[in-house]
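One chain, subunit A, links the two complexes that follow: it is found with subunit B in the first and with subunit C in the second.
Moving on to the complex of A and B:
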């Protein structure tokens, strides 16, 4: 297969594109079902996010008079496209190795910033005061959780470098762990793991860190004015983002899988489920943090843990 | 096409408009119809905070003169296809506020109402049945 075609397939079909979207929506369905069961409810069907998406594609799209029309309509597409690309960047051990032409950890980090930027711009482009509040909250929260994740990526890169500098390729980090054991079982990496665990719900925008899109406070903030297909694209973006971030966690801390394509993929999916369930458990058992509380929290614990993680890696 | 329509009709999002209600029906909508026992999420429903995300509009209250223009504007902000459910006796006939100088209802003089759920306030089961009927109507409009 020519190189360019393989790249296209990895972005559009597997592991990005169609596969990641189906996986993300499936995880979202499981999340809603588990949350409902934890509240002793019946809950929606597992395929509910798919129904929502199909429904949104058939609704009329409305653009407010106060909005900046081209920006308002282009942003959801930019966000979804960035996550489509990011999903093809994360390796799945024994199943998928991203081509070096797609980029390394730094590219992934920049792509992970895009959804937050898109939400901020969407909030301000919609011309709604709730969007503006969502904008400022999203910005605060991003500033707070970006610094720990940078340190987490650096710590994993340094550990995989084994004393001679930093490894920037996620495939190499996964390969190092397959040869030397997973970072999950490496005590020097545990502070980093905790910092990543705090980053996860903040990046996914779930309770307790869903302040920018708080339904009961700012009526979903940046998404307030969106309807129809553009809103559907935002749902696609968040579903893909969940897959990217969870895949990244698996790749950074526990990439080991059995040999072979199908067993490897099955083991990967089995690892995704408890992570997603953990996020759901956190979501139903906590209240929402105020944005200043979240800001202070991230500059206290995850940042300290991530810094301690780097120190531990440097010392060991 | 009919498959897509059937699948779409399984995702009705609910939006509440209070057109000057005494809050009795709103309590029924917000708490009773949402507690585990009457879980509307099993029908695929989801309460949404923004009129732009809404499919099924639940209106309570007799449409007082003070909120009339705002309710009409809010209703026009909801993208098509949509279905309107009048919850409680007030939007249907004015209820105990009928003939008051401050009330403009009944609400179907201004908005197309598809389903009436009478009661003061209606029982949660009645609200759920009203929502289920509204989903059927909505399906034919998708």
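Moving on to the complex of A and C:
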């Protein structure tokens, strides 16, 4: 297969594109069902996120008069596209190795910032005051959680470098762990792991860090004015983002899978479930933080943990 | 950064009823609040003069569903005073039972919404599920979940036999441990406390200035409860410890409501134990003479005052009421001063505003 075709397939079909979208929506369905059961509700059918998406794609799109029309309509597509690309950037051990042509960990880091930026811009482009509040909240939250994640990536890179500098390729980090054991079992990486665990719900925008889109406070902030297909694209974006971030976590901390495509993929999916369940459990077991509380929290714990993680890696 | 205006209401996911706050914000901080009311005006006060005195018992019950027992209760008390009707002993206790059941359900509803507003939906679901016990009690004893139709002039429209009392007792026994558990939760859960302590503070002095009533006043340390200060029905024979807080913040108001719900369980048990035998109401309707009076009772939201003037005709000449929310929402401007946007809905809900009562 020519390399360009392989690249296209990896972005559009597997492991990005259709596969990642189906996985992301499936995880969302499980999340909603599990949360409902934990709250003693029945909950929606497992396929509800798919139904929602189909419904949204057929709905009329309303653009507010006050909105900046081109930006308002383009942003959801940019967000979804960035995550489509990002999904093809994360390796799945024994199953998928991203082509170096797509980029390394740094590219992934930049792509992961895009959804937040898109939401911020969408909030202000919508011309709604709630969008503006969502903008400022998203910005504060991003400032807070992006610094620990940089340190997390650096710590993993350093550890995989084994003392000879930093490794920037996720495939190499995964390969290093397959040779030397998972970082999950490496005490020097535990502070980094905890910092990543705090980053997860913040990046996914779930309780307690769903402040920018809090329904009861700012009426879903940036998403308030969106409807129809553009709103659907935002749902696609967040579903893909969940897959990217969870895959990244697996790749950084316990990539080992059995040989072979299907067993490898099966093991990968089995690892996704408890991580997603953890996010669900956190989301139903507490309330939302105010944005200033979340900001302080991130500069207190995850940042300190991530810094301690770097120190631990450097010392060991 | 310059200030800009955000509209909270008239229809807002966080408010159950239409109310419009024009909030001037600077970043996330509230600079000024303008409250606009009148979206739920239905002209009920005028309607009361077009209905007969007896029809108004039904009409006043429909002013608002959460206080739907307190309105006809105060109205009946006023008419009974004008007509000089002595309420039978048994009816006095039964009115207390109806009122306290409604109080528990109303308070649980409010604290549940409070949890929803801080994004703690599991707690919201749990409290609402607990409230269902009281909803079931209402449906079983009165036949309805909200408009229980318990009052009539000179008595009550329901009676409790041994089965009914046993059922009530069993449901209270079911509710009590869950409610105790919920109270512990609201007192100790970090996630809830972090969002509600020190938020929307109304100091003791401010509370006195605003003349707030009900749980809002008691959370600011004013031990004012109509059931104790001016006992009506059987409250003079019952032990009603007044629940007060000291901080006057959103958290204190939630705790006062929960403690009152807990006290209501004890009151219901006292009533069930002391329930005297006898008539529950008059056999025949009386002609209500001319006269005017004021009656008041403690609704779940606070002191509810009814003024009724009759002229000897079948219809009352004037019925006017002052609802607790009218006193409490004025204090919102003080509570919302310098608040964060994130806390607006939380603070508004903490006074438990009843818009349909206030705007009728």
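Quick note on the criterion: the second predicted complex is superposed on the first by the 316 of 316 C-alpha atoms of A that agree within 3 Å, B and C clash if a C-alpha of one lies under 4 Å from a C-alpha of the other, contacts with A are read in each partner's own complex, and residues count from 1 in each chain.
Definition applied: contacts are C-beta pairs under 8 Å (C-beta built on N, C-alpha and C of every residue); 3 or more make two chains touch, one makes a residue touch a chain.
This structure is a prediction, so every number in the text was calculated from the model and none was measured.
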Inquiry  = Once chain A of both complexes is superposed, is A:48 in touch with subunit B (first), subunit C (second), both, or neither?
reply    = first
Ask   = Looking at the overlay, what does A:60 touch: subunit B (first), subunit C (second), both, or neither?
value = first
Ask   = When the two structures are overlaid on chain A, which partner does A:210 contact: first (subunit B), second (subunit C), both, or neither?
value = second
Query = First (subunit B), second (subunit C), both or neither: which does A:288 touch?
reply = second
Task = Give one of first, second, both or neither to describe whether A:39 is in contact with subunit B, with subunit C, with both, or with none.
result = both
Request  = Would you sort A:224 into first (subunit B), second (subunit C), both or neither based on which partner it touches?
outcome  = first
Request  = For subunit A, give the residues common to its interface with subunit B and its interface with subunit C.
outcome  = 39-41, 215-216, 219
Residue ranges of subunit A touching subunit C (in the complex, touch as defined) = 38-41, 129-130, 132-133, 136-137, 207-208, 210-211, 214-219, 284-293
Key: Touching residues (chain side subunit A, partner subunit B) in the complex   = 32, 36, 39-45, 48, 50-52, 54-56, 58-62, 215-216, 219-220, 223-228, 231
Ask   = Which of the residues in subunit B come into contact with subunit A in the complex?
value = 4, 7-12, 36, 39, 41-42, 44, 46, 48-50, 52-53, 55, 77, 79-81, 142
Message = Looking at the complex, which residues from subunit C come into contact with subunit A?
response = 4-7, 12-14, 25, 27-28, 115-123, 125-126, 129, 189, 191-192, 194-195, 340-345
